[in-house]
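These are the structures, in C-alpha coordinates.
You will see two complexes here that share chain A, one where it goes with chain B and one where it goes with chain C.
For the complex of A and B:
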(Lines of atoms letter the chains of each structure in order from A and count residues from 1; the text may use other names and numbers.)
(Lines give C-alpha, C1' and ligand atoms only; values in the text may rest on other atoms or scores of the structure.)
Protein backbone atom coordinates (compact mmCIF):
# COMPACT_ATOMS: atom_id res chain seq x y z
CA UNK A 1 0.00 0.00 0.00
CA UNK A 2 1.44 3.45 -0.84
CA UNK A 3 2.49 5.51 2.18
CA UNK A 4 0.47 8.52 3.25
CA UNK A 5 1.47 11.82 1.64
CA UNK A 6 3.40 13.96 4.14
CA UNK A 7 2.02 17.44 4.75
CA UNK A 8 3.25 20.42 6.74
CA UNK A 9 0.68 23.04 7.76
CA UNK A 10 2.07 26.40 8.85
CA UNK A 11 -0.27 28.88 10.54
CA UNK A 12 0.21 31.10 13.57
CA UNK A 13 -3.45 30.65 14.47
CA UNK A 14 -3.15 27.31 16.18
CA UNK A 15 -6.90 26.65 15.88
CA UNK A 16 -6.69 26.96 12.10
CA UNK A 17 -3.61 24.73 11.89
CA UNK A 18 -5.15 22.09 14.15
CA UNK A 19 -8.47 22.11 12.30
CA UNK A 20 -6.73 21.71 8.93
CA UNK A 21 -4.57 18.93 10.42
CA UNK A 22 -7.70 17.09 11.55
CA UNK A 23 -9.36 17.52 8.14
CA UNK A 24 -6.37 16.39 6.11
CA UNK A 25 -5.52 13.48 8.41
CA UNK A 26 -9.04 12.25 7.85
CA UNK A 27 -8.36 12.49 4.12
CA UNK A 28 -5.31 10.25 4.42
CA UNK A 29 -2.44 12.69 4.86
CA UNK A 30 0.34 12.45 7.46
CA UNK A 31 0.21 15.96 8.91
CA UNK A 32 2.71 17.99 10.92
CA UNK A 33 2.01 21.54 12.09
CA UNK A 34 4.17 24.59 12.71
CA UNK A 35 2.93 27.82 14.22
CA UNK A 36 5.54 30.22 12.86
CA UNK A 37 7.83 30.69 9.90
CA UNK A 38 10.87 29.99 12.11
CA UNK A 39 9.46 26.65 13.26
CA UNK A 40 8.46 25.75 9.71
CA UNK A 41 11.96 26.43 8.38
CA UNK A 42 13.44 24.17 11.08
CA UNK A 43 10.99 21.40 10.18
CA UNK A 44 11.68 21.74 6.46
CA UNK A 45 15.34 21.04 7.18
CA UNK A 46 14.80 18.11 9.51
CA UNK A 47 11.84 16.21 8.20
CA UNK A 48 11.91 13.49 5.59
CA UNK A 49 10.69 14.73 2.18
CA UNK A 50 7.41 16.55 2.30
CA UNK A 51 4.73 16.04 -0.32
CA UNK A 52 2.63 19.10 0.52
CA UNK A 53 3.28 22.41 2.25
CA UNK A 54 0.33 24.62 3.20
CA UNK A 55 1.40 27.95 4.63
CA UNK A 56 -0.30 31.08 5.90
CA UNK A 57 1.20 34.39 4.72
CA UNK A 58 1.09 36.73 7.71
CA UNK A 59 2.73 35.27 10.79
CA UNK A 60 5.74 36.84 12.57
CA UNK A 61 5.36 39.61 10.01
CA UNK A 62 3.41 40.35 6.84
CA UNK A 63 3.98 38.00 3.91
CA UNK A 64 6.59 35.93 5.80
CA UNK A 65 4.85 32.81 4.50
CA UNK A 66 6.50 33.56 1.17
CA UNK A 67 9.82 32.77 2.87
CA UNK A 68 8.51 29.35 3.84
CA UNK A 69 7.36 28.84 0.24
CA UNK A 70 10.76 29.98 -1.06
CA UNK A 71 12.59 27.57 1.26
CA UNK A 72 10.32 24.71 0.19
CA UNK A 73 10.90 25.62 -3.44
CA UNK A 74 14.62 24.98 -2.94
CA UNK A 75 14.25 21.52 -1.40
CA UNK A 76 15.68 18.66 -3.41
CA UNK A 77 12.26 17.07 -3.64
CA UNK A 78 10.03 20.09 -4.08
CA UNK A 79 6.65 19.63 -2.39
CA UNK A 80 3.34 20.91 -3.71
CA UNK A 81 3.26 24.44 -2.29
CA UNK A 82 -0.02 26.04 -1.23
CA UNK A 83 -0.51 29.48 0.25
CA UNK A 84 -3.67 29.87 2.30
CA UNK A 85 -4.31 33.45 3.36
CA UNK A 86 -6.95 35.96 4.28
CA UNK A 87 -4.68 38.80 3.21
CA UNK A 88 -3.90 38.30 -0.45
CA UNK A 89 -3.07 41.49 -2.32
CA UNK A 90 -1.68 42.14 -5.81
CA UNK A 91 1.90 42.37 -4.48
CA UNK A 92 2.04 39.14 -2.50
CA UNK A 93 -0.03 37.30 -5.13
CA UNK A 94 2.43 38.45 -7.84
CA UNK A 95 5.32 37.26 -5.69
CA UNK A 96 3.61 33.90 -5.19
CA UNK A 97 3.13 33.61 -8.96
CA UNK A 98 6.81 34.47 -9.56
CA UNK A 99 7.79 31.83 -7.00
CA UNK A 100 5.73 29.27 -8.95
CA UNK A 101 3.55 28.47 -5.93
CA UNK A 102 1.16 25.70 -6.96
CA UNK A 103 -2.04 26.95 -5.38
CA UNK A 104 -3.32 30.11 -3.71
CA UNK A 105 -6.35 29.66 -1.47
CA UNK A 106 -8.08 32.55 0.21
CA UNK A 107 -9.54 32.16 3.69
CA UNK A 108 -12.11 30.97 4.46
CA UNK A 109 -10.81 28.28 2.12
CA UNK A 110 -13.17 25.91 0.34
CA UNK A 111 -11.70 22.68 1.68
CA UNK A 112 -13.30 20.46 -0.96
CA UNK A 113 -11.81 22.62 -3.69
CA UNK A 114 -8.42 22.65 -1.95
CA UNK A 115 -8.47 18.89 -1.49
CA UNK A 116 -9.38 18.33 -5.14
CA UNK A 117 -6.54 20.65 -6.20
CA UNK A 118 -4.07 18.83 -3.92
CA UNK A 119 -5.04 15.44 -5.31
CA UNK A 120 -4.66 16.74 -8.87
CA UNK A 121 -1.29 18.35 -8.13
CA UNK A 122 0.04 15.25 -6.33
CA UNK A 123 -1.07 13.01 -9.19
CA UNK A 124 0.58 15.33 -11.69
CA UNK A 125 3.79 15.40 -9.63
CA UNK A 126 3.81 11.59 -9.42
CA UNK A 127 3.25 11.29 -13.17
CA UNK A 128 6.09 13.74 -13.87
CA UNK A 129 8.46 11.85 -11.55
CA UNK A 130 7.44 8.58 -13.17
CA UNK A 131 8.11 9.98 -16.63
CA UNK A 132 11.51 11.32 -15.54
CA UNK A 133 12.66 7.92 -14.23
CA UNK B 1 16.24 19.76 -22.19
CA UNK B 2 16.48 23.50 -21.78
CA UNK B 3 14.76 25.86 -24.14
CA UNK B 4 18.15 27.18 -25.22
CA UNK B 5 18.89 23.80 -26.80
CA UNK B 6 15.98 24.05 -29.17
CA UNK B 7 16.21 25.77 -32.53
CA UNK B 8 13.01 27.83 -32.47
CA UNK B 9 10.51 28.02 -29.64
CA UNK B 10 7.03 27.14 -30.78
CA UNK B 11 4.24 29.37 -29.48
CA UNK B 12 0.49 28.97 -29.41
CA UNK B 13 -1.39 32.27 -29.33
CA UNK B 14 -5.09 32.11 -28.47
CA UNK B 15 -7.07 35.33 -28.77
CA UNK B 16 -10.47 36.11 -30.25
CA UNK B 17 -9.45 39.61 -31.32
CA UNK B 18 -7.83 39.37 -34.71
CA UNK B 19 -5.81 42.59 -34.32
CA UNK B 20 -4.27 41.53 -31.00
CA UNK B 21 -3.70 38.01 -32.29
CA UNK B 22 -1.92 39.31 -35.39
CA UNK B 23 0.12 41.79 -33.33
CA UNK B 24 1.45 39.15 -30.94
CA UNK B 25 1.94 36.70 -33.78
CA UNK B 26 3.99 39.21 -35.80
CA UNK B 27 6.14 40.31 -32.88
CA UNK B 28 6.90 36.74 -31.76
CA UNK B 29 7.62 35.65 -35.34
CA UNK B 30 10.05 38.53 -35.79
CA UNK B 31 11.74 37.36 -32.60
CA UNK B 32 12.28 33.92 -34.11
CA UNK B 33 9.35 31.93 -32.70
CA UNK B 34 7.24 29.54 -34.73
CA UNK B 35 3.60 30.48 -34.20
CA UNK B 36 0.32 28.64 -34.25
CA UNK B 37 -2.66 30.97 -33.86
CA UNK B 38 -6.15 30.09 -32.65
CA UNK B 39 -9.24 32.25 -32.21
CA UNK B 40 -11.34 29.74 -30.31
CA UNK B 41 -11.07 26.88 -27.83
CA UNK B 42 -11.55 23.92 -30.23
CA UNK B 43 -8.81 25.22 -32.53
CA UNK B 44 -6.51 25.76 -29.54
CA UNK B 45 -7.15 22.25 -28.22
CA UNK B 46 -6.66 20.76 -31.67
CA UNK B 47 -3.34 22.61 -31.99
CA UNK B 48 -2.21 21.12 -28.66
CA UNK B 49 -2.69 17.64 -30.06
CA UNK B 50 -0.57 18.42 -33.14
CA UNK B 51 2.34 20.45 -31.77
CA UNK B 52 4.72 20.69 -28.83
CA UNK B 53 4.55 24.23 -27.45
CA UNK B 54 7.20 26.01 -25.40
CA UNK B 55 5.12 29.17 -25.09
CA UNK B 56 1.35 29.59 -24.80
CA UNK B 57 -0.34 33.00 -24.78
CA UNK B 58 -4.06 32.99 -24.00
CA UNK B 59 -6.67 35.68 -23.56
CA UNK B 60 -8.62 35.19 -20.32
CA UNK B 61 -11.67 35.70 -22.50
CA UNK B 62 -11.55 33.58 -25.64
CA UNK B 63 -15.22 33.12 -26.41
CA UNK B 64 -16.70 33.97 -23.02
CA UNK B 65 -15.65 35.63 -19.75
CA UNK B 66 -12.98 33.62 -17.95
CA UNK B 67 -12.78 30.65 -20.32
CA UNK B 68 -9.10 31.30 -21.00
CA UNK B 69 -8.17 30.26 -17.44
CA UNK B 70 -9.23 26.61 -17.69
CA UNK B 71 -7.60 26.51 -21.12
CA UNK B 72 -4.37 27.70 -19.45
CA UNK B 73 -4.81 24.87 -16.92
CA UNK B 74 -5.22 22.32 -19.69
CA UNK B 75 -2.14 23.66 -21.49
CA UNK B 76 -0.16 23.44 -18.24
CA UNK B 77 -1.16 19.78 -17.88
CA UNK B 78 -0.16 19.01 -21.46
CA UNK B 79 3.00 21.13 -21.51
CA UNK B 80 4.12 21.37 -17.86
CA UNK B 81 7.40 23.11 -18.73
CA UNK B 82 5.84 25.70 -21.04
CA UNK B 83 5.78 29.43 -20.34
CA UNK B 84 2.06 30.17 -20.13
CA UNK B 85 0.95 33.79 -20.25
CA UNK B 86 -2.63 34.90 -19.80
CA UNK B 87 -3.90 38.28 -20.97
CA UNK B 88 -6.49 39.53 -18.46
CA UNK B 89 -8.38 42.82 -18.06
CA UNK B 90 -6.64 43.57 -14.74
CA UNK B 91 -3.67 42.26 -12.85
CA UNK B 92 -5.65 42.07 -9.61
CA UNK B 93 -5.69 39.42 -6.89
CA UNK B 94 -8.38 37.40 -8.70
CA UNK B 95 -6.37 37.25 -11.94
CA UNK B 96 -3.14 36.42 -10.15
CA UNK B 97 -4.88 33.74 -8.08
CA UNK B 98 -6.42 32.26 -11.22
CA UNK B 99 -2.98 32.28 -12.85
CA UNK B 100 -1.38 30.41 -9.93
CA UNK B 101 -4.21 27.91 -9.63
CA UNK B 102 -4.21 27.16 -13.37
CA UNK B 103 -0.44 26.82 -13.67
CA UNK B 104 0.13 30.00 -15.67
CA UNK B 105 3.53 31.67 -15.54
CA UNK B 106 2.62 35.29 -16.14
CA UNK B 107 -0.34 37.68 -16.38
CA UNK B 108 -0.39 40.55 -18.86
CA UNK B 109 -3.01 43.27 -18.71
CA UNK B 110 -5.24 43.67 -21.75
CA UNK B 111 -3.93 47.21 -22.21
CA UNK B 112 -0.37 45.88 -22.73
CA UNK B 113 0.76 46.37 -26.31
CA UNK B 114 1.30 43.14 -28.30
CA UNK B 115 4.93 44.16 -28.95
CA UNK B 116 5.49 44.53 -25.21
CA UNK B 117 3.96 41.11 -24.52
CA UNK B 118 6.13 39.53 -27.19
CA UNK B 119 9.20 41.40 -25.92
CA UNK B 120 8.69 40.10 -22.37
CA UNK B 121 8.28 36.54 -23.66
CA UNK B 122 11.29 36.73 -25.97
CA UNK B 123 13.46 37.86 -23.06
CA UNK B 124 12.83 34.46 -21.50
CA UNK B 125 13.82 32.56 -24.63
CA UNK B 126 17.06 32.91 -26.57
CA UNK B 127 15.53 32.44 -30.01
CA UNK B 128 17.80 31.82 -33.04
CA UNK B 129 17.55 35.40 -34.29
CA UNK B 130 18.54 36.75 -30.88
CA UNK B 131 21.43 34.34 -30.54
CA UNK B 132 22.88 35.58 -33.84
CA UNK B 133 23.03 39.17 -32.62
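For the complex of A and C:
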Protein backbone atom coordinates (compact mmCIF):
# COMPACT_ATOMS: atom_id res chain seq x y z
CA UNK A 1 0.00 0.00 0.00
CA UNK A 2 1.51 3.40 -0.92
CA UNK A 3 2.38 5.62 2.04
CA UNK A 4 0.41 8.76 2.76
CA UNK A 5 1.66 11.91 1.01
CA UNK A 6 3.53 14.12 3.47
CA UNK A 7 2.26 17.68 3.77
CA UNK A 8 3.52 20.74 5.61
CA UNK A 9 1.00 23.49 6.37
CA UNK A 10 2.41 26.89 7.30
CA UNK A 11 0.08 29.52 8.74
CA UNK A 12 0.59 31.95 11.60
CA UNK A 13 -3.08 31.67 12.56
CA UNK A 14 -2.86 28.46 14.57
CA UNK A 15 -6.59 27.76 14.41
CA UNK A 16 -6.45 27.84 10.63
CA UNK A 17 -3.37 25.62 10.51
CA UNK A 18 -4.80 23.10 12.97
CA UNK A 19 -8.14 22.95 11.18
CA UNK A 20 -6.48 22.50 7.80
CA UNK A 21 -4.30 19.77 9.32
CA UNK A 22 -7.38 17.89 10.45
CA UNK A 23 -9.13 18.38 7.10
CA UNK A 24 -6.18 17.09 5.09
CA UNK A 25 -5.48 14.22 7.48
CA UNK A 26 -9.04 13.08 6.88
CA UNK A 27 -8.27 13.23 3.17
CA UNK A 28 -5.34 10.85 3.58
CA UNK A 29 -2.36 13.15 4.03
CA UNK A 30 0.31 12.96 6.73
CA UNK A 31 0.37 16.56 7.97
CA UNK A 32 2.83 18.65 9.95
CA UNK A 33 2.17 22.28 10.84
CA UNK A 34 4.38 25.31 11.33
CA UNK A 35 3.10 28.62 12.67
CA UNK A 36 5.77 30.90 11.21
CA UNK A 37 8.19 31.14 8.33
CA UNK A 38 11.09 30.56 10.72
CA UNK A 39 9.57 27.33 12.04
CA UNK A 40 8.76 26.18 8.53
CA UNK A 41 12.34 26.71 7.37
CA UNK A 42 13.62 24.64 10.31
CA UNK A 43 11.18 21.85 9.48
CA UNK A 44 12.09 21.89 5.79
CA UNK A 45 15.70 21.52 6.83
CA UNK A 46 15.09 18.56 9.11
CA UNK A 47 12.08 16.67 7.84
CA UNK A 48 12.16 13.67 5.53
CA UNK A 49 11.00 14.29 1.95
CA UNK A 50 7.87 16.35 1.67
CA UNK A 51 5.21 15.84 -0.99
CA UNK A 52 3.13 19.01 -0.50
CA UNK A 53 3.81 22.41 1.02
CA UNK A 54 0.88 24.74 1.69
CA UNK A 55 1.98 28.10 3.00
CA UNK A 56 0.25 31.32 3.89
CA UNK A 57 1.76 34.32 2.14
CA UNK A 58 1.68 36.95 4.90
CA UNK A 59 2.96 35.86 8.30
CA UNK A 60 5.79 37.54 10.23
CA UNK A 61 5.71 40.07 7.41
CA UNK A 62 4.13 40.55 4.01
CA UNK A 63 4.98 38.01 1.32
CA UNK A 64 7.23 36.00 3.65
CA UNK A 65 5.52 32.83 2.47
CA UNK A 66 7.55 33.26 -0.71
CA UNK A 67 10.66 32.53 1.37
CA UNK A 68 9.16 29.24 2.48
CA UNK A 69 8.31 28.45 -1.14
CA UNK A 70 11.83 29.37 -2.20
CA UNK A 71 13.35 27.06 0.41
CA UNK A 72 11.06 24.21 -0.64
CA UNK A 73 12.06 24.84 -4.23
CA UNK A 74 15.68 24.07 -3.29
CA UNK A 75 14.88 20.67 -1.78
CA UNK A 76 16.28 17.65 -3.55
CA UNK A 77 12.81 16.19 -3.90
CA UNK A 78 10.79 19.27 -4.73
CA UNK A 79 7.29 19.15 -3.19
CA UNK A 80 4.12 20.46 -4.77
CA UNK A 81 4.08 24.06 -3.59
CA UNK A 82 0.83 25.88 -2.84
CA UNK A 83 0.61 29.47 -1.66
CA UNK A 84 -2.59 30.57 0.02
CA UNK A 85 -3.26 34.26 0.16
CA UNK A 86 -6.06 36.69 0.61
CA UNK A 87 -3.74 39.42 -0.58
CA UNK A 88 -2.62 38.49 -4.08
CA UNK A 89 -1.35 41.41 -6.12
CA UNK A 90 0.47 41.58 -9.45
CA UNK A 91 3.88 41.73 -7.70
CA UNK A 92 3.60 38.78 -5.35
CA UNK A 93 1.66 36.76 -7.93
CA UNK A 94 4.44 37.36 -10.47
CA UNK A 95 7.08 36.41 -7.90
CA UNK A 96 5.16 33.21 -7.13
CA UNK A 97 5.03 32.42 -10.86
CA UNK A 98 8.77 33.11 -11.16
CA UNK A 99 9.35 30.64 -8.34
CA UNK A 100 7.31 28.08 -10.27
CA UNK A 101 4.83 27.76 -7.44
CA UNK A 102 2.38 25.06 -8.47
CA UNK A 103 -0.83 26.59 -7.18
CA UNK A 104 -1.77 30.05 -5.96
CA UNK A 105 -4.94 29.73 -3.92
CA UNK A 106 -6.82 32.85 -3.06
CA UNK A 107 -7.69 32.52 0.59
CA UNK A 108 -10.17 31.26 1.65
CA UNK A 109 -9.70 28.43 -0.82
CA UNK A 110 -12.28 25.90 -1.90
CA UNK A 111 -11.42 22.48 -0.46
CA UNK A 112 -12.63 20.35 -3.36
CA UNK A 113 -10.88 22.54 -5.88
CA UNK A 114 -7.66 22.48 -3.86
CA UNK A 115 -7.81 18.70 -3.34
CA UNK A 116 -8.41 18.08 -7.02
CA UNK A 117 -5.45 20.29 -7.91
CA UNK A 118 -3.21 18.57 -5.34
CA UNK A 119 -4.08 15.10 -6.58
CA UNK A 120 -3.47 16.13 -10.17
CA UNK A 121 -0.14 17.75 -9.31
CA UNK A 122 0.98 14.79 -7.18
CA UNK A 123 0.15 12.38 -9.99
CA UNK A 124 2.04 14.55 -12.46
CA UNK A 125 5.04 14.74 -10.13
CA UNK A 126 5.03 10.94 -9.68
CA UNK A 127 4.87 10.44 -13.44
CA UNK A 128 7.77 12.86 -13.98
CA UNK A 129 9.88 11.04 -11.38
CA UNK A 130 9.00 7.69 -12.94
CA UNK A 131 10.05 8.92 -16.37
CA UNK A 132 13.34 10.29 -15.01
CA UNK A 133 14.34 6.94 -13.48
CA UNK B 1 -28.25 21.14 0.30
CA UNK B 2 -27.50 17.87 2.13
CA UNK B 3 -26.86 17.32 5.81
CA UNK B 4 -27.80 19.23 8.92
CA UNK B 5 -27.63 22.97 8.32
CA UNK B 6 -25.08 24.87 10.35
CA UNK B 7 -24.59 28.60 10.36
CA UNK B 8 -20.96 29.47 11.07
CA UNK B 9 -20.25 33.07 12.01
CA UNK B 10 -16.78 34.57 12.13
CA UNK B 11 -15.21 37.90 11.23
CA UNK B 12 -12.05 36.06 10.18
CA UNK B 13 -12.74 34.82 6.65
CA UNK B 14 -9.82 32.38 6.54
CA UNK B 15 -10.97 30.76 9.75
CA UNK B 16 -14.55 30.79 8.56
CA UNK B 17 -13.66 28.94 5.41
CA UNK B 18 -11.41 26.38 7.10
CA UNK B 19 -14.19 25.61 9.60
CA UNK B 20 -16.55 25.22 6.68
CA UNK B 21 -14.12 22.78 5.06
CA UNK B 22 -14.00 20.74 8.24
CA UNK B 23 -17.76 20.59 8.76
CA UNK B 24 -18.54 19.98 5.08
CA UNK B 25 -16.08 17.09 5.03
CA UNK B 26 -18.22 15.57 7.80
CA UNK B 27 -21.36 15.86 5.72
CA UNK B 28 -22.85 19.01 7.17
CA UNK B 29 -24.34 21.79 5.07
CA UNK B 30 -22.57 24.97 6.10
CA UNK B 31 -23.72 28.52 5.63
CA UNK B 32 -21.12 31.18 6.33
CA UNK B 33 -21.65 34.69 7.62
CA UNK B 34 -18.98 37.28 8.31
CA UNK B 35 -21.26 40.13 9.37
CA UNK B 36 -24.42 40.72 11.33
CA UNK B 37 -26.59 41.48 8.29
CA UNK B 38 -25.60 38.17 6.69
CA UNK B 39 -26.51 36.35 9.90
CA UNK B 40 -29.96 37.92 9.91
CA UNK B 41 -30.55 37.08 6.25
CA UNK B 42 -29.43 33.46 6.68
CA UNK B 43 -31.55 33.00 9.78
CA UNK B 44 -34.60 34.26 7.91
CA UNK B 45 -34.06 32.15 4.80
CA UNK B 46 -32.84 28.86 6.22
CA UNK B 47 -34.16 26.29 8.67
CA UNK B 48 -30.99 25.90 10.70
CA UNK B 49 -30.02 23.02 12.97
CA UNK B 50 -27.16 24.79 14.75
CA UNK B 51 -25.47 28.19 14.90
CA UNK B 52 -21.76 28.45 15.67
CA UNK B 53 -20.37 31.81 16.75
CA UNK B 54 -16.61 32.06 16.39
CA UNK B 55 -14.09 33.46 18.80
CA UNK B 56 -13.17 36.36 16.51
CA UNK B 57 -16.51 38.03 17.30
CA UNK B 58 -16.22 40.82 19.91
CA UNK B 59 -18.26 40.34 23.08
CA UNK B 60 -20.85 43.04 22.32
CA UNK B 61 -21.45 41.57 18.86
CA UNK B 62 -21.73 38.08 20.36
CA UNK B 63 -24.64 39.26 22.49
CA UNK B 64 -26.32 40.87 19.49
CA UNK B 65 -25.84 37.76 17.36
CA UNK B 66 -27.14 35.45 20.04
CA UNK B 67 -30.22 37.65 20.43
CA UNK B 68 -30.76 37.70 16.69
CA UNK B 69 -30.53 33.92 16.32
CA UNK B 70 -32.91 33.51 19.25
CA UNK B 71 -35.38 35.88 17.63
CA UNK B 72 -35.14 34.70 14.02
CA UNK B 73 -34.56 30.99 14.66
CA UNK B 74 -36.24 30.08 17.91
CA UNK B 75 -35.15 26.73 19.22
CA UNK B 76 -31.90 26.58 17.28
CA UNK B 77 -29.04 25.71 19.63
CA UNK B 78 -26.02 27.99 19.71
CA UNK B 79 -22.43 26.85 20.10
CA UNK B 80 -20.03 29.60 21.11
CA UNK B 81 -16.30 29.28 20.54
CA UNK B 82 -14.31 31.09 23.23
CA UNK B 83 -10.76 32.31 22.77
CA UNK B 84 -9.70 30.38 25.83
CA UNK B 85 -11.07 28.83 28.97
CA UNK B 86 -10.05 31.98 30.82
CA UNK B 87 -12.62 34.04 28.95
CA UNK B 88 -15.82 34.80 30.84
CA UNK B 89 -18.59 32.36 30.12
CA UNK B 90 -21.58 33.99 28.44
CA UNK B 91 -24.98 33.05 29.79
CA UNK B 92 -27.23 32.63 26.83
CA UNK B 93 -25.80 29.83 24.72
CA UNK B 94 -26.36 26.12 24.94
CA UNK B 95 -22.86 24.91 24.17
CA UNK B 96 -19.32 26.23 24.52
CA UNK B 97 -15.93 25.08 23.28
CA UNK B 98 -12.52 26.70 23.60
CA UNK B 99 -10.70 27.56 20.40
CA UNK B 100 -7.48 26.34 21.99
CA UNK B 101 -8.90 22.83 22.29
CA UNK B 102 -8.62 22.48 18.54
CA UNK B 103 -10.81 21.48 15.62
CA UNK B 104 -11.27 17.89 16.80
CA UNK B 105 -13.05 19.03 19.94
CA UNK B 106 -15.23 21.39 17.91
CA UNK B 107 -16.19 18.63 15.48
CA UNK B 108 -16.91 16.17 18.30
CA UNK B 109 -19.12 18.75 19.95
CA UNK B 110 -21.04 19.40 16.72
CA UNK B 111 -21.46 15.66 16.15
CA UNK B 112 -22.66 15.16 19.68
CA UNK B 113 -25.27 17.92 19.30
CA UNK B 114 -26.54 17.02 15.83
CA UNK B 115 -25.84 13.31 15.59
CA UNK B 116 -26.02 11.99 19.13
CA UNK B 117 -26.92 8.51 17.89
CA UNK B 118 -23.46 8.25 16.30
CA UNK B 119 -21.68 8.91 19.57
CA UNK B 120 -20.34 6.24 21.84
CA UNK B 121 -20.49 8.44 24.90
CA UNK B 122 -23.44 10.52 26.04
CA UNK B 123 -24.69 13.80 24.58
CA UNK B 124 -23.10 16.83 26.25
CA UNK B 125 -25.22 18.67 28.71
CA UNK B 126 -26.12 22.23 27.71
CA UNK B 127 -24.24 24.79 29.78
CA UNK B 128 -27.39 26.60 30.86
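Keep in mind that, in the parts below, the second predicted complex is superposed on the first by the 133 of 133 C-alpha atoms of A that agree within 3 Å, B and C clash if a C-alpha of one lies under 4 Å from a C-alpha of the other, contacts with A are read in each partner's own complex, and residues count from 1 in each chain.
Keep this in mind: a residue touches a chain if its C-beta (ideal position, glycine included) is under 8 Å from a C-beta of that chain, and two chains touch if they have at least 3 such contacts.
Please read these numbers as outputs of a predicted model, since none were measured by experiment.
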Clash-or-fit label for the pair chain B, chain C on chain A: fit
Touched partner set for A:116, first chain B, second chain C, both or neither: neither
Superposed arrangement, angle subtended at the Cα centre of chain A by chain B and chain C, nearest 10 degrees: 120
First (chain B), second (chain C), both or neither touched by A:94: first
Touched partner set for A:22, first chain B, second chain C, both or neither: second
Contacts of A:126 with chain B and chain C, given as first, second, both or neither: neither
Touching partner for A:13 - first (chain B), second (chain C), both, neither: second
Contacts of A:104 with chain B and chain C, given as first, second, both or neither: first
After fitting on chain A: smallest Cα gap, chain B-chain C, Å: 18
Residues of chain A at both interfaces, chain B in one complex, chain C in the other: none
Chain B-facing residues of chain A, complex: 88-90, 93-94, 96-97, 100-104, 106, 117, 124, 128
Chain C residues within the chain A interface of the complex: 12-22, 24-25, 55, 99, 102-104, 107
Residues of chain A touching chain C in the complex: 11, 13, 15-16, 18-23, 26-27, 86, 107-109, 111
Chain A contact footprint on chain B (complex, rising order): 77, 80, 91-93, 96-97, 99-101, 104-107
